[in-house]
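Look at the two complexes coming up: subunit A is in both, with subunit B in one and subunit C in the other.
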Partner chain A sequence: MIEVNQLRFKYPRHKDFTLKGLDFHIPQGEIFGFLGPSGAGKSTTQKILIGMLKRYEGSVRIMGKQLKDHGRDYYNAIGVAFEFPNFYSRFTALENLDLFRSLYDVKTEEPKKLLARVSLEEYGHMKVSDFSKGMKMRLNLCRALMHRPDILFLDEPTSGLDPVNAKTVKDIILQLKSLGNTIIITTHNMNVAEEICDRVAFIVDGEIRLIDAPRALKVREGKKAVRLEYREGTALRQADYQLEGIGDNESFLRLLRNGSIETIHTQEASLDQLFIQVTGRTLT
Partner chain B sequence: MNRAAQLLLSDMKQVRRDPMLIFITVAPLLLVLALKYGVPLVSAQLVAQTGFDLTAHYGVLFGTSLLLIPLVIGVMAGLLMLDERDEQLIAYYAITPLSQEGYFIHRLTLPTLLSGIYILLAFIVVDFSAWSAGQYGFAFVMLLLEGPMMALLLTSFASNKVEGLAWSKLGGLLIFIPVLAYMLPEPWRWGAAVTPTYWVIELFVHNRTMQWNELELLLAGGIGLGVHLIFITVLYRKYARMIA
Partner chain C sequence: MNNKAITLRPRLPYSGVRRFFSSWRQDMKLQFRHHFYSAYLLISIAYIILLRMLPDTYQAKLNVLLTFSDPSMLGFFFIGGLILLEKGQHIHDNLFVTPHSPASYIWSKTISLTCLSLISSLFIHISTFGIHQRIGAFIAGVTLTAVFFTLVGLGVAVRCHTINGFFFSSVVYSTILVLPVLEILQVYTSKLFLLFPATGSLLLLTSVFEPISGADSVYAVSSLLIWIGIAFYWAYSSLQSNILGDAKGGRDA
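Entry: the complex of A and B
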């Protein structure tokens, strides 16, 4: 669906390239996450893919065609939800959706149905200025889905959402994937990436340092061991055991048998740890 | 509903919900009424009481009043655009099939149409026998360009709505400069010829009663249009760089 080769980009009046030769392929129906600290080049990459930044070097093929050869029709095929929802604050949610829906040349969803999907059906006639951040984020998703795009670009899709609404949004994203949509997520949030992304790319200083499925990365880079927490009298103890030969490890089996274990965790790396390990940077 | 109608409807809703925009939309009508009824009344009073003949200055008065119409409406369009830029809405339009250029054309179409209607109304209700069709024709086209020019001036230089209001006041100089020039002797007044508004007023003050010959008219009209187009091109380029 998206094939990017040797993508380089430099902002006018900047000395250095912001993107220094990115290569990645995203097949149809994949949820792909861009992870990286602020200023790493995630947003620049997204801006290029959605056609906002045009003077890039390298090859960007989307839906079988160079991005530069796509006309305005390209925007009927992509949906974008920016991190900061941008709406007419004096208009109601429905008035906003009606306005933006009129910009598309393809069949669009009924705005009321979309609002219902994100539990905003009761707020259709409320002015957007009276919406909370979380409500605006959900409205933002509605607008991105309105014209049934094949490719969806979501910037921090669960930012500002409570756990219930964050789950609603994640479920919608997974449902879209099951329908064959391709979804590109830009985020700082490792949990979101772990939960819903098929693959993630770590971007640092304009380069992709790692790219793979979250699970594969975690297993490959983590320790093949388990950590147990158990009670010995009143004291809480901790012990690590290598997975190899664990079934014959007497100490481990004894703890299992005497029932003093309170927690057992495999020691695969978390995406956070992995990120720090690979990049030497934190996700801030 | 098609795109143009929906966008127009949204614009009308925006105007309806903002008292300042409502005022700006109807203010030109008050101006036209003042030109029709107020000016002759004041003129008669001035002659009777002070002997000052205002009719000798009708050209500059009429030209200045006409300029106010597109400039005020252009400020309105500029402030709307600044609002939309502050709210990142222009960035959103850019990633829809409307496109950034489509947005720009749409945003300036309604104000230009509105200006056009009010300018024509002013042409009709005010005594228009004093000027030739050619003068009216050139002035009309230039006046239509004044609104987009003002909107671009605001959006090219102001980085937010508050700065936009400050720039709109500075834009008022565009009216003041040709009036000042009108009071200066030759050749000093030609110094103001670099401002686009100068040429609108020049069309109305020059030989109000004696018609211009065709060559003079073509020259003044042509230069005036040229100055307008140069201003608009330079400002559009700056605007495009700013929103890129």
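Entry: the complex of A and C
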């Protein structure tokens, strides 16, 4: 669906390249995540893929065609939710959706239905200037979805959302994937990446350091061990056991049978730790 | 993995035309919501009172200047306000990740404001002079003038980041553009003024009171049309490089 080779980009008045040769391929139906610290070039990459920054070097093929050869019809096939949810603030939510909807050449969803999917149905007639950040973020998602795009670009889709709404958004993304849509997510948030991305790319200083499935990474890089926390009298104790041959480990089995165990965790690496390990940088 | 083929979904018929008219409607709604209509009404009333207060001998000349200032200066500043308002709300990124084309964007803004100018100018003119035979020349003059100055205002506004920046630039641009007014005021005359778009406008508006030759009418209309072509091209490329990030590889956020 998206094939990028040797993508380089420099902002006009900058000395250095912001993107220093990115290679990645995203097949149809995948949720792909860009992870990286602030200033890594995630949003820049997204802006190139959506045709906003045109003077790049390298090859960007999308839906079988060089990005440069796509006309404005490209925008009937992609949906974009920018990091900052901007709207006509004196228009209501429905008036805004109505306005953007009228700019497409393809059939669009009923705005009221979209609002209902993100629990905003009661706020359709409220001016967007009276919306909270979280409400605007959800409205932003509605706008990106309304023309049923084949490819969806989401910049920090869950920032500013409470856990319930973040879950709603994640569910919508997964549902779109199940319909065969391709979704590209940009985020600092490891949990989002772990929960919904099929593959992630670690991007630092305009370079991709690693691309893989979150689960494969965690299992491969983590310790193959399990940690138990248990009570001995009033004292809280912990013990680690290797996963290999754990079924024959007497001490482990005895604890399982007799101990008062409070928690059991496998010790696979978290994406956060992995990120630091691979890039030498923290995510934030 | 789901392998939905990328089906090329049908495009609705006459998309471009439909989009243009709906964005025109949305522009009018936006102008209404931001009180452009009430502002125009107040200004029109002020103009009418001014015209009523003046002795008859000056009325024609002043009317020419006032009706010139309405589509030109007001068009220029109102489009500036509109564009900067959209810039302030950071709406352009979102508008241009839809199939909306820059040309359609420019014309729907320009034509919606031109209509506003035309209605207000006609209101002022008819309430002072009534309906007369040469109203056609008046309408042509106002429309062409409004289109030209609105396009220039749009080009200036997309290059500016702040209201102050816009006002500063507009002093420069508008002063140059309206220089031929000096001729009407009999302060200064020059053959060079024939190259200015405002000369055509003033000629057409004057013709409402004192007939002009056919050659002059042809000159006025074609000069304005050429200037509109130039202004559109300039506005279009300003939009491309400043809002759509085309020319120099991007833009400053």
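Things worth noting here:
Heads up, the rule we're going with is that the second predicted complex is superposed on the first by the 283 of 284 C-alpha atoms of A that agree within 3 Å, B and C clash if a C-alpha of one lies under 4 Å from a C-alpha of the other, contacts with A are read in each partner's own complex, and residues count from 1 in each chain.
Just so we're on the same page, a contact is a pair of C-beta atoms (placed from the backbone, for glycine too) under 8 Å apart; a residue touches a chain by one contact, two chains touch by 3 or more.
Quick caveat, the model's predicted, so the values are computed rather than measured.
The superposition on subunit A brings subunit B into a clash with subunit C. Touching more residues of subunit A than its counterpart among subunit B and subunit C is C.
Of the two partner chains, neither subunit B nor subunit C is touched by A:Leu49. In the superposition on chain A, no contact is made by A:Leu152 with either subunit B or subunit C. Contact with subunit C, but none with subunit B, is seen for A:Leu179 once the two complexes are overlaid on the shared chain. In the superposition on chain A, contact of A:Tyr88 is made with both subunit B and subunit C. With both structures placed on the common chain, the touch criterion links A:Leu161 to neither subunit B nor subunit C. Of the two partner chains placed around the shared chain by superposition, subunit B and subunit C are both touched by A:Phe100. Taken together, the two structures place residues 50-52, 72-73, 75-76, 78, 80, 82, 84, 86-91, 95, 99-100, 102-105 of subunit A in contact with subunit B in one case and with subunit C in the other. Against subunit A, in their complex, subunit B makes its touches with residues 1-3, 5-7, 10, 13-14, 17-18, 87-89, 91-99.
Of all residues in subunit C, only 1-4, 6, 9-12, 15, 18-19, 22-23, 26, 29-30, 33-34, 89-91, 93-101, 244-246, 248-252 touch subunit A in the complex they form. In the complex of the two chains, the subunit A residues touching subunit C come out as 9-13, 27-30, 47, 50-55, 63, 72-73, 75-78, 80, 82, 84, 86-91, 95, 99-100, 102-107, 143, 148, 150, 177-181. Subunit A contributes residues 50-52, 72-73, 75-76, 78, 80, 82, 84, 86-91, 95, 98-100, 102-105 to its touches with subunit B in the complex.
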